[in-house]
Amino acid sequence: MKSPLVKDLTADQAITGFFLVIEKEVRNTNAGKPYLRMELGDRSGSIEARMWDAFETLAKDVSRDDFVKVQARVEIYRNKPQLSLQQFRRAKPEEIDLADFLPHTRFDVEDLYKQLLAHTEGMKNPWLKKLVTKILNDPQIIPRYKRAPAAKVMHHAYLGGLLEHVVGLCALAKQIAAHYQELDVDLLLTAAMLHDVGKLDELCYERAVSYTTEGQLLGHIVMELETVTKAMEGIEGFPEKLKAVVQHILISHHGQYEFGSPKLPMIREALVFHYLDDLDSKLAAVRAALDIDSGEEDWSAYSGALGRKFLRLEKYLTETPSAQPKKEQKN
Amino acid sequence: MKSPLVKDLTADQAITGFFLVIEKEVRNTNAGKPYLRMELGDRSGSIEARMWDAFETLAKDVSRDDFVKVQARVEIYRNKPQLSLQQFRRAKPEEIDLADFLPHTRFDVEDLYKQLLAHTEGMKNPWLKKLVTKILNDPQIIPRYKRAPAAKVMHHAYLGGLLEHVVGLCALAKQIAAHYQELDVDLLLTAAMLHDVGKLDELCYERAVSYTTEGQLLGHIVMELETVTKAMEGIEGFPEKLKAVVQHILISHHGQYEFGSPKLPMIREALVFHYLDDLDSKLAAVRAALDIDSGEEDWSAYSGALGRKFLRLEKYLTETPSAQPKKEQKN
Amino acid sequence: MKSPLVKDLTADQAITGFFLVIEKEVRNTNAGKPYLRMELGDRSGSIEARMWDAFETLAKDVSRDDFVKVQARVEIYRNKPQLSLQQFRRAKPEEIDLADFLPHTRFDVEDLYKQLLAHTEGMKNPWLKKLVTKILNDPQIIPRYKRAPAAKVMHHAYLGGLLEHVVGLCALAKQIAAHYQELDVDLLLTAAMLHDVGKLDELCYERAVSYTTEGQLLGHIVMELETVTKAMEGIEGFPEKLKAVVQHILISHHGQYEFGSPKLPMIREALVFHYLDDLDSKLAAVRAALDIDSGEEDWSAYSGALGRKFLRLEKYLTETPSAQPKKEQKN
Amino acid sequence: MKSPLVKDLTADQAITGFFLVIEKEVRNTNAGKPYLRMELGDRSGSIEARMWDAFETLAKDVSRDDFVKVQARVEIYRNKPQLSLQQFRRAKPEEIDLADFLPHTRFDVEDLYKQLLAHTEGMKNPWLKKLVTKILNDPQIIPRYKRAPAAKVMHHAYLGGLLEHVVGLCALAKQIAAHYQELDVDLLLTAAMLHDVGKLDELCYERAVSYTTEGQLLGHIVMELETVTKAMEGIEGFPEKLKAVVQHILISHHGQYEFGSPKLPMIREALVFHYLDDLDSKLAAVRAALDIDSGEEDWSAYSGALGRKFLRLEKYLTETPSAQPKKEQKN
Amino acid sequence: MKSPLVKDLTADQAITGFFLVIEKEVRNTNAGKPYLRMELGDRSGSIEARMWDAFETLAKDVSRDDFVKVQARVEIYRNKPQLSLQQFRRAKPEEIDLADFLPHTRFDVEDLYKQLLAHTEGMKNPWLKKLVTKILNDPQIIPRYKRAPAAKVMHHAYLGGLLEHVVGLCALAKQIAAHYQELDVDLLLTAAMLHDVGKLDELCYERAVSYTTEGQLLGHIVMELETVTKAMEGIEGFPEKLKAVVQHILISHHGQYEFGSPKLPMIREALVFHYLDDLDSKLAAVRAALDIDSGEEDWSAYSGALGRKFLRLEKYLTETPSAQPKKEQKN
Amino acid sequence: MKSPLVKDLTADQAITGFFLVIEKEVRNTNAGKPYLRMELGDRSGSIEARMWDAFETLAKDVSRDDFVKVQARVEIYRNKPQLSLQQFRRAKPEEIDLADFLPHTRFDVEDLYKQLLAHTEGMKNPWLKKLVTKILNDPQIIPRYKRAPAAKVMHHAYLGGLLEHVVGLCALAKQIAAHYQELDVDLLLTAAMLHDVGKLDELCYERAVSYTTEGQLLGHIVMELETVTKAMEGIEGFPEKLKAVVQHILISHHGQYEFGSPKLPMIREALVFHYLDDLDSKLAAVRAALDIDSGEEDWSAYSGALGRKFLRLEKYLTETPSAQPKKEQKN
């Protein structure tokens, strides 16, 4: 476990700890003397760091995106804390726990994955069960499925976020299928489990969440279409029409053309799944906005994903006097 | 019970039965001889009717939107059935069961209403419970709540459709609130029960579903805002802030400005309720489109409400050979 | 009268005066020494203020949104003026004239209000006359009606702006009704007088213009709908249909769904009033944009409300040589 | 004066009258015998006409868009009246009053034109006065200005409609300029008089209103830009900048790109004129919709130009009991 | 070769020929006597056919979409030609040339295909050359590639239309790549050859052009993505990045989300190809609109694909007097 | 030739050179001492300059938009270079080559103009040839045509950019007309040569590219319409219909209303020219985005004109191993 976190640094503190190098450059003072300037970060935020002397040899060994071990003192410059470096070196892989550098789900991912596999157990359609079992047990996929965020900024934007989102959707799908008996629960579960598999490759989430070049050229819908299609074709006898149905549900799950779905949902389960996915994502975005202090008492921070801010309902209502309505029967 | 239904009429049949007068006019033959032409209907469809002689006295007593008892013979004219009238008179109110003239829910409305009241029983928030109990027990409201359709054409467009939609939403709301524990189930239930109360007055559903003049000028959102606001003000001590919350949920439940919501949902429960209402309505529209024979084997009729047609999933997949996937372990 | 205004402060000036506390915080110098930093303002702008010593006791007594009396010296820091505080204390209510802290209409509000009441005098429709008279004489409403701005930023965004806008609209309505004789002038006057009554509660304009929480949840259209509806119901015998007409005019006056009108204008007077309100607001926004020096000779500042800048017509044309056209008859 | 009008024809009537040939063709009966079929019309509507024998010579002399004098008998065929022709010939020009074949303004056009010229008298800006005087006294323009409709279907779609619209706008412009004293009334009057001059050539309104080929390729904004620019250039010394101002007002008067304005209004008078023109056109469209019997008691016909129907306000309110509010002072 | 075509049938003609059964039903006369009604068609149009007696046995053997050989007489009914059938039987496959029943390109498809293969010859990039060669020589693909239309209604909507469109695009691509030397011609050629391969399966064009169920669920972009991806994976060593580039060009070629492209073009060649494809399609649609007689002299028929009509330029200009401009040097 | 360029300045360098004055103001130090601050620029960028003593007399003679000759020393302040001025004076016109102060095309403009005139030589339509020859040889137009940029920021935003764009379009037009033989090449060439002539006056490009007031009021489409119309009217006998065709092509060349075209292309050549102009502009924008280092290896800078970034195709693909596909025949 690294210590301390950026957000906990206080003035005049002397520290030893590990950070990710976000930026690195050599600059000149007004007097023309070169110095090293870096931006260092961890999952809690980032901070400027400077080293004024004897940094040349140390700096050569370190690049952007490397992890470093630093010895430094916290100073205040223009009212912001800054690290004045005394020593630093590249960190060894075994010294680093990546989880310290990216925010992650508050749930246990092993536990979530078990829940996910449990959902596959109850499936009745033998072809769909075979399909999801095959993909969710693929050793190429498992570790990334446990690690991937669900998005870069919109919702569940933290390690394990994708898995948390998917497991939530599976439970939701079962409830909805119980309510609307015309729905095929196995199709909804398949959709939940596979609809974001393309994000494993669309996003890059080693040290920070960003898009891969292929991710930008193709998008996760097209990428998972390829993965899932290949899996279906690898299952001997997989019905051609069921294949088209699964493909349709994947490509239509964004619900609208302008969100990158080349087809609108034209199957009942495709329509319903689009609603569930959208609802779960939006609620996660609301949750994230409420987690940020906006400075306005009654309101969350503005959510770019939702285009508005949200009321802090409990806070707003508790200012309500706790009176109880009069019992009518007493009158 | 009226008999027979328009859709069951066959050539050369002699009938006696009750119909709604949809159109009535006197026309001239090419030879200049006047005759009576009416369009008659019931919940199954409509048919042309003509009377060639001695209709003047009979016709005077009957207007558009009246019910008539007719004695007639079914003839085929230009390949379509037509009624050749022998006798008719205005029907007496006691002879008519309105349910014969408008389609209605396949559920028992008394039973649905009991379910609705049962949902109010479990509510914990005393103010909200008092509010919905008051409205749902208002003798002015009860009979119309049991009768109103949920819309003119979009979804649940039949007598009792509103109640069916609301009871479905209550059950759905409880499941969603169980899944997302941050949600206040009582607010969701209140929303479900009151969000379409304005439709009781926006629509006119005596003999056919249409809009009232006030309904067109104000819309059901504004109309129910007035009804519910008055009810809240009638409850002594009803908290001011809770009133604003309920009002916000009502006015934002269409989710977008262009659907007549003057505010977008800015409370978590308002957002979620919008999704549930939209999902339930859309699924009902899919159901209606699937109920119509489109002439295309694999597809429903085109749904104007949804802007597309839907796949008949079961039909499409059953053409799939019933083969089972090979057991992988056997390979 | 406070003195001096922020915009008149010059370097090295020693001042004593009253300001609104916009921000207040304690910071540390690089050397770790705490100091007080405030942002102080009045209707002409805002300025940074710092106090380096012995501020602790003074600062405790003062919060954001308080008014303070300060003794200070104007210094230039990074090319901007700044206050170096020597003394300050919370101002007493009687020392403060709020008008010094918010911009206000250049008209006399008492005079405007008299004009407004005069417009009610000439009304012929007894019900509408009674309605507006009741509201405009409500002691809860009068003082706020005289004070409210018409908007936060779009147009007439200053104290008394709403009243100025309304009185202008009344005069305009009379001219238009004289021109188009098919129009009912009393409906237009009623619309002018009541269409923004909801802004009395939607906006908060004690010390700066902002939105109330209820204002954000409901919007002024819904808020005034409630106020006006209650007033109509309080008038015995007020015709039901006239009530629906007034309600329709209020809810449709923004003219389009995306501006928060749940219904489009479907009554002639509603359509016309929407045009008048829009025109008057837009012209006020043009006026405001022309009042700002944009740095471009021929052009106003860019108006966010209008999405463009406007030509300074007179300026542009006066560069035209003042030649007169030749008299044609002389040729 | 032609007689009778199409709308007044009744069964079995023998008539002699003048009509416009809208369609003309020779068809075969089922038995293979050729007959002449024409559609004949006047300003009140159109009717089918047939001639069974000896029509060959007569028909040769007549084409679509010609006027004919016919002798015929009104028969009823498939419940619609039809002319059975006995004789017909091409009408002589002197027999035809075009006004019988196109609807026209209910005002006297000579009188309207005098009002228009009177508005030019009071103008103060010598250049603008010279400009409009020149155009409105151009013998090429006068007769067409008195005759042109303001549009094909949207508003004032009848002969003289353009002039009626313009004269109305001039009066309105003066009132608005009196209300907003910052406005230049001469620019508004110039805009009113010239903003639709291009319609003289965009539309073709000899025998029915349609678009000319040039009108479709260029549109009236571009066409009047050329006309007015030429007129300004023909006035020696016309200020260059004033020319740009007039051109801007013309090209921006539709107010939005999608209505064919290549620039948005960026001059105060351009913005205001756009509002006045739009308001006057929309009110004319409302008037037209109210003139049509829609079959719904409370509502006008649906107006395609406005995308909705309008309430018949007087009709709706007169069902209101004529009760008077109680005098408050009496209570 | 079938004879005669529907469009050449004339009254009273006795014919023997082959037609496609578009509709088939048994109806009753007013007198209750059953008769057979069919709609028969070929590539030139369709016609009603009736048989009054002894049709039962014949009719049993024939269904919609079958070809029939008929013996009949052309009659005129309500001014339209109709077939009165004397005899008919199902046609034998060898009697039918499908090209008689669907419109086809005016070019020779074998010749077009040779041109297409010639374009592959000159390609320099070995991987792309191998890819297109493989697909264009696939015996599963060749016959359908030669036959498919490019669209159902928008452009090149006839047999061989796809091939004609593609060969045109290849030539165009070469010219554009010669003009903009920064472009990779092989990528443009690959795009031209493969961008509509999915239409081979999206459309059904055996007897009339329509969509397959899979075509509606997936669309041709997704369908060809699968075909081309499989082909690339079947080529050993095909570079991963080049694969992503080809996939991107395919999925982005509609240029906008609302036309079903899940990604916008982000590669120069993808952008250019989108323009070429769009231009060629639009020009084909203009050509089709100009081929139809609209009844307006100067104008084409209205093109739904383009949302407007087009000027018949030559026709319009030839009415221009053939005068030549004066030689300026002579002045 | 000026020296050195702003982008080549390095710390501690003593320089003498010419710059454009972008901003000029006198400020006070914290100590209240006035100093001169200017922003100086050339085609490579801009730099701050300060003079601390004895600047008053020098400064009086110099204004914004003047050129100055300066003697200065380059210092580093807050990590950015800055000029410390020792001397400066207004530059004499003969000392300045404007090309040093605005970026320009990499082609020789005299050579481009010759190519442009050569394109006019081959034109067959005598009227169009006369029209373009007249305009392109107008001494008022030539120098500005050689100098104007094609846009302020969107594409070809450098001196000579317009000419480069037009000459490119002429060559492209000829290729397209060779490919689609239905197209009239002379109309396309005319369009290419005249479609942006209005930009000569819409933009101001003396010392920096900006819009003229007339350019903002009218836009280049309306401005060139006037120029070209006048030229056509100045050619005796120029056919009226051809004039309308040329006008239509000019006003429709932006292709959509929202881009300022008051008419959509309704002539084949107008549609095609719109595509060519759009393609050439977009490709230039891509080129400009690729010229900027975005910091992302695989991607260009974000292009505001295109709303996205573009792949650096060559760079991306060269990381591909240079393997060749196996020869299939060898297997």
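In this document, chain identifiers A, B, C, D, E and F correspond to the written order of the chains, with residue numbering beginning at 1 in each.
Following the convention adopted for this analysis, a residue touches a chain if its C-beta (ideal position, glycine included) is under 8 Å from a C-beta of that chain, and two chains touch if they have at least 3 such contacts.
Not measured: the values here are computed from a predicted model.
Any chains in contact with both chain A and chain E?
Both chain A and chain E are touched by B, F, going by the contact rule given at the top.
Compute the shortest path length in steps from chain A to chain D over the network of touching chains.
Graph distance in the chain contact network comes out at 2.
Which chain's centre, taken as the mean of its Cα atoms, is farthest from the centre of chain A?
Chain D.
Any chance you could check whether E-F or C-F wins on number of contacting C-beta pairs?
E-F
Tell me whether chain A and chain C, two copies of the same sequence, contact each other through the same residue numbers or different ones, using over half shared as the line for same.
different
Comparing residue numbers, which of A-C, D-F or C-D shares more than half of the contact pairs of A-E?
D-F
From the C-alpha centre of chain B to that of chain D, how far is it in Å?
One centre to the other, that is 43 Å.
Determine the centre-to-centre distance between chain C and chain E, using the mean Cα coordinates as centres, and give it in whole Å.
Here chain C and chain E have centroids separated by 62 Å.
I'd like to verify one number: the distance from the centre of chain B to the centre of chain C, where each centre is the average of its C-alpha atoms, in whole angstrom.
Roughly 46 Å, centre to centre.
Two or more other chains in contact with one residue: find those residues in chain E.
Answer for chain E, listing residues that touch two or more other chains: 213, 216-217, 245, 248, 266-267, 311, 316.
Looking at the whole structure, which two-chain pairs count as touching?
According to the stated criterion, the contacting chain pairs are A-B, A-C, A-E, A-F, B-C, B-D, B-E, C-D, C-F, D-E, D-F, E-F.
Applying the document's contact rule, which stretches of chain A touch chain F when the two form their complex?
27-30, 32, 213, 216-217
Along chain C, where are the residues that touch chain F in the complex?
11-12, 75-77, 79, 298-299, 311, 316
Considering the complex alone, what residue numbers of chain F touch chain E?
126-127, 130, 168, 171-172, 175-176, 178-180, 182, 184, 235-242, 245, 264, 266-269, 271-272, 275, 278-279, 282-283, 286-287, 307-311, 313, 316-317, 319-321, 323-326, 328
Across the complex, what residues on chain C touch chain B?
Chain C residues touching chain B: 213-214, 216-219, 221-222, 225-226, 229, 244-245, 247-248, 251, 257-263, 266-267.
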